[in-house]
Amino acid sequence: MRTKNLTAAVGFLAFGALYAYLTAQLPRRLGNVPGPSFFPWVLTWCFLGLSAVLLVQGLLAEPWHAPRPEAEKGTTRRTAAGLLFLAVYLALLPFLGFLLATPLAFAALMWVAGENRPLYIAGWSVGMTALLYLTFHYLFQVPFPAAPDFSA
Amino acid sequence: MSRTCRMWLILVAFLAACAWSAPAGAAYPTKPIEFIIPFGAGDSADIEGRLLAQEMTKALGQPVVPINKEGGGGAITYTLVKNAKPDGYTVAWNSTSILTSTNIGNVPFDHDAFDHIGRVEYQPMPFAVKADAKWKTFKDFVEDCKKRPGVLKIANAGTGSTTHIAAVAVMNAANCKVIHLPVGVKRRNATVLSGETDAMFGPLTGIIKLAQAKQIRILTLPSQKRNQLIKDVPTATELGYPVVIDLFRGLSVPKGTPAEAKEKLYKAMVAAANSKALQDFSKKAGFTIDTMDAKEFDPYLDKMDKLVKGILKEAKLYRSKKPTQ
Amino acid sequence: MNPAVLEGFLSATAPEALAALAAGALIGLIAGMLPGVTISSGIIIVLPLTFVMGPHVAISLLLGIYSGGMTGGSFSAILLNIPGTPSASATGLDGHQMARKGEAGLALGTAIFSSFFGGMFSLLCLYLIAPQLAAVALKFQAVDLFSLIFFGLTIIASFAVQSVVKGILSGLIGLILVTVGQDPLMGTARYTFGEVNLLQGVHFLTALIGLFAIPQLADGIAESLKGTGKGNALSRFGSIYPRWKHYREMIIPTLIGSVVGTFIGILPGTGGPIAAFLSYDYAQKASRHPEKFGTGCIEGVAAPESANNAVCGGALIPMMTLGIPGDPVTAILIGALLVHGLAPGPMLFVERADFAYTIIFSFFWSNIFTLAIALLGVRLLVKVLDAPKAVLIPAIAVLCAIGSFALRNSFFDTYVMFAFGLLGLMMRWLGMPVVPLILALVLGRPLEENLRVALTASKGDVSTFFTSPISLGFLLLSAVSIAWPFVQQWRRRGSPA
């Protein structure tokens, strides 16, 4: 925990400094009335102060190693793969359209979650895509790009 | 197994049909239009805007969906619409705030950053106090204010909103030092009723009900002439403070919106403005429906812009957008 | 008896009105359940229909959606840990833990029944003491609202017993993220880096979907590899109907939720999420075993669920007595009623008292219909949990994408959602609680707005927060709220185990 806290504290201090820098760029306006940068300054000082406290806490704490349950390598890798697939899905969605991107992402994530039967994967991916599309597009009029859009 | 297979087949067919049926090059409008209201729900801009959107829905055959994006005296909506895709599916329900919030410097652009569809209506922005307040006339208020400079508080719909500018203009003319409180339309009426603020400027539609219920008293209006609904309330000019600033409302779209869309929006706007629902409501609420097309509206905006600039310069609140290099 | 009351009751109970109510409650339940489709968007879809209906039918339909949506939001929060509506975000804290323990049915049942109670309680307030309540709410000035919201933020302390510093830092990160976008008073762009999509700031629900659902997704993948996917606790549903002992546990938190929800509902500019979190915290403090909160206890579901439905009735009070909407939905209601020439406001009870009572009785029926339809429909939801993990995980992922997109029809928001997901994972790794951040996201904007208005009014004098009695009261409560977890810790340590 100690290393984590120290890492976090240093990261937060850096973030706080960046925020302070950005806040200083904000326009000051209308004399003595609290302007757009007033609230951010309050936040900046609180944040920097507490990050410093976290840093001191981390430095003072005894180095302590919790018996960390060692996660299996495979699990971590699968989880990372799952998140990666989601990220790729989100990135491709605007270009491929909902009806093309979703079954692909669905199939990939089913595989990540341990499903291996191809027919099963294909069926669920297409079926769920259809169901979600029906519900959101027709019932609630969410304007997804349905198919690939090459015009833009 | 074969049953499941058949089910999937149907679904695949359905998906294909969905993809195929996506409208290709159909005439505008083919999908719902976002109608952005620059102020919070429940007040003048919102009430009139929703009614207009509803009538425009009938004229266009596609839902015109009102969305409130309040803040910055209208600045949030104008920034949003200015940056929206110019495809005719994002429309701003503008008001005089398109001149005031820009000239006070809330946003780095002017009203000419838009294409305008036209004006729908205009209305006065009366000055009102709580019904049991000690000020019976506007003169009482001014006298009290001169005795206690910098104490009385006037509520407005946000820094840079038209109500704010009207308050600044009238108070400057009366030589009154007050605190202008940007409480937003959601709380504007409430703050006067609770005594948190001493008075307010508000569009007639937004305050007429409270006046009729004898919860607030209207003392004056910075308008050219008296209003039908409140005939016994004198204009500011009659009282010796020659300030005339009315609130207009109309439609604006992002610059570069196709002419076809603008034309259809204008026609729908006029049809909606002349609908029975809006006409009836205008009589009850005290606003005047008087449509203008873009050809009339653009010079009108330029003229009003000069007026607003003048007021703000006098109050030393004017902020030029042109980068000072 | 006032003849207007009877007239109102009759028109609210007309068959066409009741049919509209049933349809509304169903639409509301579905809309509330689906992430990204909020109650407001459900209402907007049916709005054009209401123009051609009679006013009593229109109001029945809309109120049905309103209370149905408040209840439906809890379903996805409990089952998938994705709150369907912002108001349901506190429900997931314990509701989803219950579902993981195999008590999904009980969690849903608790949510449905406490929602019903909360709605009915606020109805009673609406019927009996609406004007008095509105008068109290009207006394709240910017200073008082600031202190109330600040008090809401001090709940952070309850969620940060492990490390106070980390808890507050989490809250501060939330407040900092809220400042991204145009500032609420002047519209000045802050921290947008010229990115147009950031001007509107981060949508609360977008952040929430990422923070809750992405870590959930990561867990799901890890778990699915251990088990075979089926036969886990999630697929055990249990009975929906709470037993007698459960009801006994529900009583106090439900009462707390109902009172808090009704009152918060009256205050303009607050709303469901604040009420839900506040009542969750109160219930925890009033509980005899506060340590069970967050591990899946009935009280943690009953309090926020009764609160968010009580908000409905509460928000109707200022709408009907003052014409001031308490939340976005009542604002839409005002618009819908105006179309029929009915202006909610101080004149409504004078000019059209019969219709005022129609609204009140429609709200009565909407609670009953929501209860009935939710109890019937919840059986179908069992199927969701029956789905194998390998299907549920991708479904959650796609729902995250749809939900974050649909809120503002923006692909940018889906990336924001994902970024918040990574933030959530990082915070978990650091041992930082996420709830303070969520709370700050809800409360940040009104906090800044009221702070600045209050300081403008006082010409920069900070003492204004201590001279107003209401404000002072809330600040004192805040102090108690911060100290409370420490006092309890100390008491537990002090008393012999």
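We call the chains A, B and C, going by the order they appear; numbering starts again at 1 in every chain.
Operating definition for what follows: a residue touches a chain if its C-beta (ideal position, glycine included) is under 8 Å from a C-beta of that chain, and two chains touch if they have at least 3 such contacts.
Treat the numbers as computed from the prediction; the structure is a model and nothing was measured.
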{"item": "Chain occupying the most central position, where position means C-alpha average", "value": "C"}
{"item": "Most widely separated chain from subunit B, with each centre as the mean of CA atoms", "value": "A"}
{"item": "Between subunit C and subunit A, distance of the C-alpha-averaged centres to the nearest whole Å", "value": "23"}
{"item": "Subunit A-subunit B separation of Cα centroids, rounded to whole Å", "value": "37"}
{"item": "Rounded Å distance between subunit B and subunit C, as computed from the means of their C-alpha atoms", "value": "30"}
{"item": "Shared-contact residues (touching 2 or more other chains) in subunit C", "value": "183, 185-186, 188, 456, 459"}
{"item": "Set of subunit B residues in contact with two or more other chains", "value": "63, 159"}
{"item": "Residue numbers of subunit A (touch at least two other chains)", "value": "29, 129, 141, 143"}
{"item": "Complex contacts: residues of subunit C adjacent to subunit A", "value": "30-31, 34, 36-37, 41-42, 45, 165-166, 168-169, 172-173, 175-176, 179, 183, 185-186, 188, 190-191, 214, 217-218, 220-222, 224-225, 229, 388-391, 393-395, 397-402, 405-406, 409, 411, 414-415, 418, 421-422, 429-432, 448, 451-452, 455-456, 459-460"}
{"item": "Residue ranges of subunit A in contact with subunit C within the complex", "value": "1, 4-5, 8, 12, 19, 22, 26-27, 29, 32-40, 43, 46-47, 50-51, 53-54, 57, 71, 74-75, 78-79, 82-83, 85-87, 89-90, 93-94, 102, 105-110, 112-115, 124-125, 128-129, 132, 135-136, 139-144"}
{"item": "Residue ranges of subunit B touching subunit C (in the complex, touch as defined)", "value": "40-42, 46-47, 50-51, 54, 57, 63, 65-66, 68-69, 71-76, 79-80, 83, 101, 106-107, 150, 153, 158-160, 179, 181-184, 186-187, 189-191, 193-194, 196-197, 209-210, 212-213, 215, 277, 280-281"}
{"item": "List of subunit C residues in touch with subunit B within their complex", "value": "44, 47-48, 51, 138-142, 182-189, 196, 199-200, 268-269, 319, 322-325, 328, 330-332, 334-335, 338-339, 341, 343, 345-347, 350, 449, 453, 456-457, 459"}
